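Got some structures for you, see below.
Two complexes come next, and they have one chain in common, chain A, joined by chain B in the first and chain C in the second.
Right after this comes the complex of A and B.
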């Protein structure tokens, strides 16, 4: 059963992330993004941060709370260097650090990616998933990840979908993290005809 | 005289992007609101010909702002520009009184096409 659940999660990640990167590509004049096969895991709270790798690395995290028929949490994480490249591509300004306009551009980009992911899932399942106004944090990966998990009020095991994407000519890396509420996750599975997983 | 537009979006980046597109195409941006409350207040003050409205915003969301603006002026011409393209949300926005719904990311042509169609 566990494998079945992970397979299903990976498929969700594939579809959702496909739409999210399509949205990103459209924002960046049709630039092609390569998707590495998404990975899905169910992990104890304490191991989840390690799973994201590089706890000491400075990252930019954009996160939203999901409400509606499916509740949960979603986030996009980018290493700082990738975030600066994204800001340059989005605003046309080359900055050494993240200024107000850069912050705003990243927030909007994260919002569009996360919402595109949710729109794709909503279409598949006929369930409403409403994202909140996105929050943005720049900190060490460990700290950002901890605050995401704390916001999601995760107490035991968490379901994490992780995807990496990159684009040629520019070094952009990022992760999209989807933390659905366990009960609601089963509702998604039932909607697509898989029953409880 | 150029048609006037009020832009509503909580991110400065999206307001800037929209403003560039709108002004390049012969419209005049008379105001920028960063949430629904501000949009309602600026609508009263500026009486713009057209409004672009984001949905997910702090303080007052776009759906509530559309309803408020329609109460002030049932002839208001509001175009939603939101990433949130799920069917129930589109239906809610249109039944609240929005005239068109653009899903982000959008291309400039689609924005101009909507302004022309709704503004005429």
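Right after this comes the complex of A and C.
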């Protein structure tokens, strides 16, 4: 991938992540969420799961199919500890593992984050981007990760945005992957005046 | 005993002893080939069923259609006899069943591709733990051909 394209993809992801964080903050009203370090990296697909802290670590993966003017895929991944903090903030219940209520809270949160991410890009480009109902998996990082890559038909490299939120002294880590279809990605670039990348 | 980790798209092998391990099989398939007499074991971690012209630099183990022949070649290189090879496989799950990404899940496509290819090569599948909606870890003990499969929140199984 050429550098300009990567930079633009990073920029889109940063804008989207900013909006998604604001939406999350509103959802958890009264608690300040601060985006500490957004950091984007393009990784060979075989290394991406390791980058997230080991293949066997339990993670929560939220996976969404995008349709409309822009087609593609989006995913958010959180380490288990971060997901448990999120569940506690969302439901007020402190649990050691993710039960049905926790799953639905995370699914709802994923829905809100993805929708606000895509809305921000849609507003900027005037292109319609509609997320599907989110799929949710709680499993080994390697398994979740490769299932997302295979589902999105990524066979070489992938750009991963790492984000960190903090609230009341607790840190929440997340990884966001935004994978627009190649041709649709060029439409986004043209819409914001960059031409084909 | 050395333990070799087999990452996505890789093929690794061992003779006489050693453990071949692959962690985090989702829709991917872990395949093992074993010649009990020669004590030769090969493990592959296959990502997708069919190789693509736009990914010509991919390692052969990434796709089933290039990976299975490459695994057989590796077994023969270490002294195995093709007619004695036996296969086991694990993985091919669908972690996001509510998304309906494809009419047939990628995991299922992988299972079918690997099964067909092994059949074409006359290699029997003597053990498997496939499909479902959960990830798996697969360990292959080359000393005796035993393969164990573990998953989060489940008891380990021997295949």
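FYI, the second predicted complex is superposed on the first by the 157 of 197 C-alpha atoms of A that agree within 3 Å, B and C clash if a C-alpha of one lies under 4 Å from a C-alpha of the other, contacts with A are read in each partner's own complex, and residues count from 1 in each chain.
As a convention for this text, a contact is a pair of C-beta atoms (placed from the backbone, for glycine too) under 8 Å apart; a residue touches a chain by one contact, two chains touch by 3 or more.
These figures come from a predicted structure and were not determined experimentally.
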Which of chain B and chain C A:23 touches, first, second, both or neither: first
Chain B versus chain C as contact partner of A:65, first or second or both or neither: second
Which superposed partner A:143 touches (first chain B, second chain C, both, neither): second
Partner chain(s) touched by A:112 [first = chain B, second = chain C, both, neither]: first
First, second, both or neither for A:55, with chain B first and chain C second: second
Chain B versus chain C as contact partner of A:39, first or second or both or neither: neither
First, second, both or neither for A:132, with chain B first and chain C second: both
Contacts on chain A seen with chain B and repeated with chain C across the two complexes: 132-133
Of chain A, residues touching chain C in the complex: 45-46, 49, 55-56, 58, 61, 63, 65, 132-133, 135-147, 149-151, 155-156
Touching residues (chain side chain C, partner chain A) in the complex: 7-9, 23-28, 47-48, 52, 55, 58, 62, 93-99, 101, 106-107, 133-137, 152
Touching residues (chain side chain A, partner chain B) in the complex: 23, 26-27, 90-91, 100-101, 104-105, 107-108, 111-112, 115-116, 118-119, 122-123, 128-133
Chain B residues within the chain A interface of the complex: 10-14, 16, 56-58, 83-89, 103-105, 107
